[in-house]
Amino acid sequence: MAAGSTFGKIFRITTWGESHGQGTGVVVDGCPAGLNLTEGDIQTFLDRRRPGVSGYSSGRKEEDKIKILSGIFEGVTTGAPISMMVENTGHQSGDYSALKDLYRPGHADYTYEMKYGIRDFRGGGRASGRETLGRVAGGAIAVKVLEEMGIGIYAYTTSIGPVTVNREHLSLETRDQNPLYMPDPRAAEEASAYLKECRKRGDSAGGVAECMITGLPAGLGDPVFDKLSASLGQAILSIGGVKGFEIGDGFSAARSAGSVNNDEFYRDGHQVKKKTNHAGGLLGGISDGSEVIFRAAFKPVPSIAAVQRTVDSNGAEREVSISGRHDPVIVPRAVVVLETMAACVVLDSLLLNMSSRLDRILDFYRD
Amino acid sequence: MAAGSTFGKIFRITTWGESHGQGTGVVVDGCPAGLNLTEGDIQTFLDRRRPGVSGYSSGRKEEDKIKILSGIFEGVTTGAPISMMVENTGHQSGDYSALKDLYRPGHADYTYEMKYGIRDFRGGGRASGRETLGRVAGGAIAVKVLEEMGIGIYAYTTSIGPVTVNREHLSLETRDQNPLYMPDPRAAEEASAYLKECRKRGDSAGGVAECMITGLPAGLGDPVFDKLSASLGQAILSIGGVKGFEIGDGFSAARSAGSVNNDEFYRDGHQVKKKTNHAGGLLGGISDGSEVIFRAAFKPVPSIAAVQRTVDSNGAEREVSISGRHDPVIVPRAVVVLETMAACVVLDSLLLNMSSRLDRILDFYRD
Amino acid sequence: MAAGSTFGKIFRITTWGESHGQGTGVVVDGCPAGLNLTEGDIQTFLDRRRPGVSGYSSGRKEEDKIKILSGIFEGVTTGAPISMMVENTGHQSGDYSALKDLYRPGHADYTYEMKYGIRDFRGGGRASGRETLGRVAGGAIAVKVLEEMGIGIYAYTTSIGPVTVNREHLSLETRDQNPLYMPDPRAAEEASAYLKECRKRGDSAGGVAECMITGLPAGLGDPVFDKLSASLGQAILSIGGVKGFEIGDGFSAARSAGSVNNDEFYRDGHQVKKKTNHAGGLLGGISDGSEVIFRAAFKPVPSIAAVQRTVDSNGAEREVSISGRHDPVIVPRAVVVLETMAACVVLDSLLLNMSSRLDRILDFYRD
Amino acid sequence: MAAGSTFGKIFRITTWGESHGQGTGVVVDGCPAGLNLTEGDIQTFLDRRRPGVSGYSSGRKEEDKIKILSGIFEGVTTGAPISMMVENTGHQSGDYSALKDLYRPGHADYTYEMKYGIRDFRGGGRASGRETLGRVAGGAIAVKVLEEMGIGIYAYTTSIGPVTVNREHLSLETRDQNPLYMPDPRAAEEASAYLKECRKRGDSAGGVAECMITGLPAGLGDPVFDKLSASLGQAILSIGGVKGFEIGDGFSAARSAGSVNNDEFYRDGHQVKKKTNHAGGLLGGISDGSEVIFRAAFKPVPSIAAVQRTVDSNGAEREVSISGRHDPVIVPRAVVVLETMAACVVLDSLLLNMSSRLDRILDFYRD
């Protein structure tokens, strides 16, 4: 939708808040009535994106305590919009005055100023990573609805800088055993060493995260412009720092051949299944009943201590070194953002899909 | 929008048509009044996506002659919706009866049937490549508006199967000298040889196309969910066969370091410019005034002559060999689809951006 | 949606066409798959809005023959967009050249020119009554879906100029026995005499039509901005010439008292019912299971033979007398427009309503 | 938009909050950057809709103190979403437990329960009049932007029950001299007496409010479905208790003749003007440069002390008398809701209209 702060068609989230305003929040509209929901359900997700939980992440220690302001009655959703917010507490506005006029390289300072003619320079304003708080809180509700339907969403880091997980060692249970959310302990160690070195140099790293969605029925997504691949793409590419997105074999498929890339169908009891899943669970952009798999490429964190050259809003050439509590990599904290954004898309597609067939509609309204 | 056939917010295209229906078309709503527009303007774009123009493409020889049905008065757009259509002429419905019950691997047969309970099995129905006719016709109008504003959009093939253009030899003027739209004659020859071999084996290839947008002002795109990267992503990932999308350095950026990937700002006269363009022209998802560059990965064409195993809608296991006039690669024909879809996104962002600043709005309405 | 030619959220119609272009049409997106549909189903509705069927209507004798161009396979909807069009045949462009520069009083000539800077002056262009062709064709499909669900929509003329039906004589079966669609034969005769007199004076009349929707389940419509009353209001007020809209007792309710206007609930077997229906079937904007009743006020047809003073686009003062084949009243032809627009709103609300409750969603996806 | 809590296309408000939740609020997205905005600007509007300011209104004395949580930097809008909220303070949840199972006549209790299967019975939940807080706060910003453009919006009560203002005595300056916002002191006195009598009987009244918009340029609104009349209609009919809406002469126009109802154009210097304004400022649904005038009919307040018969959710027949602090009429408090909703529609139409003409777009982007 125009202006950019709303996402979704039936299940819709509208986020608000800057890095250094009063707070950050989200309004969730279109959540089905009858879901048990507590602040704790949401907090679990926020805690996973919180800075300061590991040595690799920003030292800013905010509580990020969620409050639900509306839409719940006696612990259950009522169909009314669910407003949630987190108060901003951990910041000091003074931190950023030195950056007031500067266009930090790799940041949105310059582009926001060109667009709006004014810019909240404190901590990136609306372009701050804190913006994801609202997405995660809203998407946590979608995850909860999906769980009731037997649908699981699971993301993890597959590479940081040059370090990539070994798919033969991949073991999803190990993801939560390291602060990088890498499901391969050996790779996690290497990546950890690499990040220490980055930090020492005043530098930062990028990386890739992968997301797997299980339990989806076939038939989700709409033809042409609203393919599930396109909606997931918009959702994921809207996350700060994401520069690439791929489904299934993605860019590798471009080097493959039809005879290899096509997944053969076979019968398993009454079910139609695929022998392989190069397609990543989508054919014609519509779910085929196998696992949906996608990946997102994150650029290196732009806030680095190393000296960079830039200009300020008066046109003067300047040097900048961004000190302070910054993550050397964003991917581990973004894993939960991937999961929750994917959940929003998938839930929306499930709700939209209810009206695809006349016979099912007639059944629904026949008591 | 729900149901999937409409794209855009102010400049909006709604496409319709199946492979083997009466025709295929598009309604363009929100085109500014006052644009000179002829059928010839549109036809030029359609001719570039037409099958049968080269030995590499499908032999189906359709005229794909566009008709403008509304929205033009004395050669000029009036602000009313522009309806355009192409009649289907080149097909014989009999062609497809053998495939009636089959779920072709890599195609949307199975997923459409799961979604709708019914399927127009002739030539892929709505999931056919013919669907892109409507996009291209609609987007051709966007391209024409952008030309008036000094904005250019230019796409080309950068790889086919394992063959990739050599960026040191890249010369955009050579793009149109080969039917693969590859701006590197040597790579084009290699790719051509590779495709012949594919065809001989009854196989097909994938590939990558790149698109460059020049002349964009800074400030386009909206924060958070409607970043230009996200809108372009949705637009491009909605094209049939696209499995990956990246902006600027994309997946490579994930392996880079902040000190390298950040583009330094400098002053050029009164203008702020960037020394490099790893970002692909977008910072915080908003255009920064440099060239916007993105790439799309296409999977290998799923229709292959080689024998594949599959099942039919009765659950029986079957073998299938898809004979007939099929492209061994889709990328060259998709180049114009990339350009026109990108044009839709960019024009829409220009129109939306007009309301970002109060002072500009006041100026606009002050005569 | 922006630009104005699309209506609806899940069941969506996009109309196109001017009075004197190549034709007029509609693309229906989001129609559930599995509906039997023929051109005859649509034609029946178009015939009811056709000019020239009675002495009271315009003499322009167009065939208005509908063609379905897509979305149907073997007589059944496939879920793909249904494109339909009517070719323009009955007009001569020469008719209108005398009006080229004139701003006809009561018409949209002036406002379109201010908005777009250009105007298709032939027959009102996009602001012509022919624009309703697309709505009626699209809405006819909605009516057909609703019929399958046991929902009926029935509109009729309740007043023409000063002549109003007597509610005590009202007999809906008599509606189709007179060309004014008035369900009171005596009032129809009076109105007919009144219109003859209008025509003699070179004048025209307005009127009111009422619409009744039966068989709706309780619970349709969404709170706050998407109340069913608001959506019906938008749909009906978007019809050319409509200047007023009311639900249930409408403006009369404003003069009533709470003790009278409140409808008491009572029990009828297992059902909750209302003793009266001052509310017109909506409480809090959501359907309550009783009949939905609304009315639309149409202004007098602005095209009159009597001499009027006006200006032209050069600022010169002019006189104008609009001769030719014009209806002295639009209401009888608009009755079918009311029905089909209401059908679009109601069907959309039924589809949207499927996702209001978690338990029903879980049931839907549990096989 | 689906789910109902968002209104607008470019300037968009998303409201949340129930009568007895933590608070009520709104997120405004798409507000142009560069507007000076304080909490005081908003508070002025909220104070006008506050209950308890007069003997005629509910005794519930809430402060309704607005807090701006985001989107403002150094007193100026930044283009980021503006989140605002009012904490709920004046209620005691115990008040409503007696009504827990009852379907109050004229209220949305029954319809919400049918839709959602659950209902926040405290004070009407989401269907409460408190829902308008969010609209008014959001619309107040639109009013402020319009003021900068020289556009004024002014609403007032024209009737309460059977008492109607005398248009010959109408004097808008007197509106604020009585708590009924009636611009005719004599009518205000009569209405006041009528309301006292209503209250004595335990009954309530309806009424009509009128709204006038001045200073609009010609050309606002979009053809066909997004006529300004249709958008205003949706906006106004979405306000709780509104059962009718009319533009210009409205329902009276239906009894008029074309020769009377058509407004003649004439020249005034370089401007085209109309001699009369039966049209209420809209031709073909697009603004014609004269004042836009519309009216809304409100039903009598459904909460009355007089005994009514109804049923409860167990199907038992019950009697109900709604005691407590309820307005005998809603119209005076709704006047500010009309103004702010109209402001949202008008501002949105101004922003959308910027892209209607190619030449103006080219001018805009040419520096």
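Letters A, B, C and D name the chains as they come in the text, with residue numbers starting at 1 for each one.
The rule we apply is simple: a residue touches a chain if its C-beta (ideal position, glycine included) is under 8 Å from a C-beta of that chain, and two chains touch if they have at least 3 such contacts.
The model shown is predicted, which means the values in this text are computed figures rather than measured ones.
Undergrad: Centre-to-centre on C-alpha atoms, which chain is most distant from chain C?
TA: Chain centre farthest from chain C's centre: A.
Undergrad: Would you mind telling me which chain pair, B-C or A-C, is linked by more contacting C-beta pairs?
TA: Of the two interfaces, B-C and A-C, more C-beta pairs touch across B-C.
Undergrad: Would you kindly tell me how far, in whole Å, the mean C-alpha position of chain C lies from that of chain B?
TA: A distance of 38 Å separates the two centres.
Undergrad: Could you give the separation in Å between the centres of chain A and chain C, each centre being the mean of its C-alpha atoms?
TA: Once rounded, the distance between the two centres reads 44 Å.
Undergrad: Of all the residues in chain C, which ones touch at least 2 other chains?
TA: 1-6, 9-11, 15, 30, 33-34, 79-80, 112, 115-117, 126, 217, 223, 352, 356-357, 359
Undergrad: With touch defined as at the start, can you tell me which chain C residues reach chain A in the complex?
TA: Per the stated touch rule, the residues are 2, 9-11, 30, 32-35, 77, 79-80, 145, 148-149, 217, 223, 350-352, 354-362, 364-365.
Undergrad: List the residues on chain D that touch chain A in their complex, please.
TA: Those residues of chain D that touch chain A are 1-6, 9-10, 12, 14-18, 21-25, 27, 29-30, 33-34, 67-73, 76, 78-83, 85, 112, 115-120, 125-126.
Undergrad: Would you mind writing out the residues of chain C in touch with chain D in their complex?
TA: 1-7, 9-10, 15, 103, 105-108, 110-112, 114-117, 126-127, 131, 159, 161-162, 198, 201-208, 217-220, 222-227, 229-238, 240, 242-251, 253-267, 270, 272, 278-280, 282-289, 297-304, 306, 308-311, 315-317, 352-353, 356-357, 359
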